[in-house]
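Should a chain be cited, it is by its letter among A, B, C and D, assigned in written order, with residues numbered from 1 in that chain.
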């Protein structure tokens, strides 16, 4: 019989990931706060349960892919939480973008239940998740990492190991999100200048995407930003604001000033304050055009 | 007999470019303010002259690769300048990173002398110039661009045409330098945060260079920045400051606020104010480490 | 017999404030974590106790003047805390610069004990406290404010009432600290420019302090900054960083981007990261001189 | 017979200043590019002329109060300019806010004509000019300063002498405008935070204007900003942008990074890019409210 996995969090990212695990031959129990999001997975063979804890088999593996710290805490702790059911030998693979602080806290809580907590946050938008082209940053106990290796391989195209402390993988993840946001702001500023001087946004960003910046972030986000094409929403601005806050909180604790991050924070906060919290984070570049008085 | 070219400016970039043109079969007359920089080229067959104007043959092609607006004006105008000798039908290929404003001015001045001014600024550090791996952004009159096409091909690996107005190529060039500087600041901030949390600078930047940011700028500058290895100097901080000022001046004229550019300006200015004007521009990231109190 | 007051927190600010209350005729019970700070007050007639709660008389008034949220929570809650002893009808005047969030939380906790929580944060450095020249921002229940009015009058030269919700007084207080820090950065930048151009720092700031900016902050901090005279320490940079974080946290929650505050945050964080956490906050302007390469 | 003065520039500031000179008993020749602005002054006894140079009497005193460098150059140089007519012993009092660089240049040009150039820029809005409550910063040759002393006294309430080099007075002036703009941004940010938390803008700024910041700038601009009352326009945003650029240009030349100035630059540029160039500069604070999503 095929191996069992618990999976919690069936949003934009979680759904295609869970789907890939089924395709890879795993037997899935799934939970989502809004139950109707599970429909397609159930049709594909997943078993839907009513509380987070029920996804776990004793000593098994549970994956969580959720929006923020609160959501992870809520499904992990308490009476119907994962820890209540996972039991000795169990592994919790936390793939959400959460605070390093929560990761550290989770390590201790899982040890108390003789389970292991592994952080395995991912890079990639929903379409990358569907194409199992995610990049996975993993950190945690060696033995547990070995055991879950095939599971992570089924989700991504590459795996990077940051050692024994889960929070390090979370720090790398939030650094990456910061770097993507900074690349977007950078492109947005350059494109506003180009546009105001009669240079085609698309032509200029295409050139950079073929030459100096021939990489996924500049090519994919470059196209979105040049064309101001921000739907469907891949990653919400309010989540980007959350992530920049995770960066700034860690930077504060680490005594490491990050002025670009501060500036991006103010951009995202402005977007959210102006009703754009659910828009794609790349639309922060609309604010740059606004400031330049460009009629879009 | 092989085609003649005039070449002015034998610095870090100009020397390997001139050398490649000789290798490609061109007959070169060269001029540099400090005459001794021409030695190797003369040995390779170049003809060294004593004034800028002398590099030009009537109706021929002259290339300039200089540090700033003043240098370009100084070799072009005046009694011993290019325009004094180039004559009707001549073409001046200006490959320096100069202000769009000077480019516009140059178009008119060349027309008065029945010559054509073409802007063809390049992307790439000295080692890319040597390997004729430069990227060339060209703009100017169509007929002239066609005539110089083989020359530019001999210098770079790719050519991008921005139309009839030379200044547009200059704008793209300074946008590119801004984007590179922004990527450096971004990496520097992320790496300071990582380092303060016990994550290897090299390991983290390598991962990003293989995944989200698998492109020349993040790979090459990423390595330099992670290792804090800033010699030999490829591009001086004082020239980077000049370029950021070109960006900000154009942004001012275009009414396009660029907060990342403003911040980079202040970084480079601080570096120059503290005696780092001749250091490689990537060492601006040292200031980030300093601010975080990291002992290097 | 004279009225009794409890007083907790005998630091730079608390000591002169407590002393003034004794001079004004109040009978004081005092508590400080480091007991030896109470010596002078005891000599002046104060009664020193061993736990925070013991300063309270049933139904009486207790003042706290502490460094941060944690300190206020620690003396208020728990077995030996104020709330354990203050009892019905008691009033807690919280004069510390704490988060609006904690203030809101405190209101509810005090209600549960039938006590009243009043926020009364103050503006002024230790010398102003000694001269009872503090400015007091007060907010809380009307009846309680009336009862404590003479106490607050004994401490300050002016009282401003921000209504019934204590947290509003805290917001005004942190806005004020932000405004002072911004004025310091502003003066620091202007003085660096002046100095680099051979203009006397003192002469210039004196002029502004007599004309456009003829007010305490520009005169007093202006003198300190112009002369780079930052001892004795009136307010530590690490506390200033704490306060800027209170501002930014509230701004985040309120969806109000504050770019000057972000920049000040990065300045203070840099100071703290470089071992200046215990220096006076006005010495953040040293960083401006450093960036300009000024030999101090 | 009363002393003669030439006066050029009858805008918002120049008109009330010229009017005060007439009231003080001076005999005025006036020139303004738009001739109709002189009407009221002519009625008050001024003699209107048709070219800038004609305001000058040989060896006399001419005052200029104009918008920018270009205007000052245009009335000073050339065939009908001041220098053409002022002659040996004449004094040009330049009260405009211009670049220190132009001031230095002017010194040399005036020497060539055996005249003296004095910089005497002023602080104060049009209503202060009318009330002869301007603050005057003066610099230039000692003898000339003594001769014009009564003239400057007739215009302002206080005179500050910055020595022999006129450009120093200009540097102090632009530092002052930077400091005012920074105070406005500071107040704008604090007020947005207060407003979002239900605190009255007016009440909070009034308190600061009575206490920590009991000075003209915080009181007068504070009221305008709190009430969002930006008419009549006292100083246009496009001139404020010009002045911030003078600051940044001087800072660049002096190698003194000024991050607050960079940020203010981007604010004013955004205002101008969005059609607010002719609005009062204090309305830059509207952009802060916009970013916070406040419905004004």
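Simple rule for what comes next: contacts are C-beta pairs under 8 Å (C-beta built on N, C-alpha and C of every residue); 3 or more make two chains touch, one makes a residue touch a chain.
Please read all numbers here as calculations on a predicted model, not as lab measurements.
Visitor: In the touch network of chains, how many steps separate chain A from chain C on the shortest route?
Guide: Step count on the best path from chain A to chain C: 1.
Visitor: Of the other chains, whose C-alpha centre is the longest way from the centre of chain A?
Guide: D
Visitor: Could you put a whole-Å number on the gap between the CA centroids of chain B and chain C?
Guide: Chain centres of chain B and chain C, defined by C-alpha means, are spaced 53 Å apart.
Visitor: Centre to centre, by mean C-alpha position, how many angstrom separate chain A and chain B?
Guide: From the centre of chain A to the centre of chain B is 38 Å.
Visitor: Please set out, as single numbers or ranges, the residues of chain B touching at least two other chains.
Guide: Chain B, residues with two or more chain partners: 251, 255-259, 263, 266, 270, 273, 291-293.
Visitor: Quick one: do these chains touch in a line, a ring, a star, all-to-all (complete), or other?
Guide: The chain contacts form a complete graph, every chain touching every other.
Visitor: Taking the touch rule as given, give the residues of chain B at its contact with chain A in the complex, in rising order.
Guide: It is residues 100, 123, 135, 137, 158, 160, 162, 167-168, 171-172, 175-176, 178-180, 182-183, 185-187, 189-190, 192-194, 196-199, 203-204, 207-208, 210-218, 247, 250-251, 254-261, 263, 288, 291-293 of chain B that touch chain A.
Visitor: Could you list, by residue number, the parts of chain D that touch chain A in their complex?
Guide: On the chain D side, the touching residues are 266, 270, 273-275, 290-293.
Visitor: Quick check on the complex: what are the chain A residues that touch chain C?
Guide: Spelled out, the residues of chain A in touch with chain C are 245, 251-252, 255-259, 262-263, 265-267, 269-270, 272-273.
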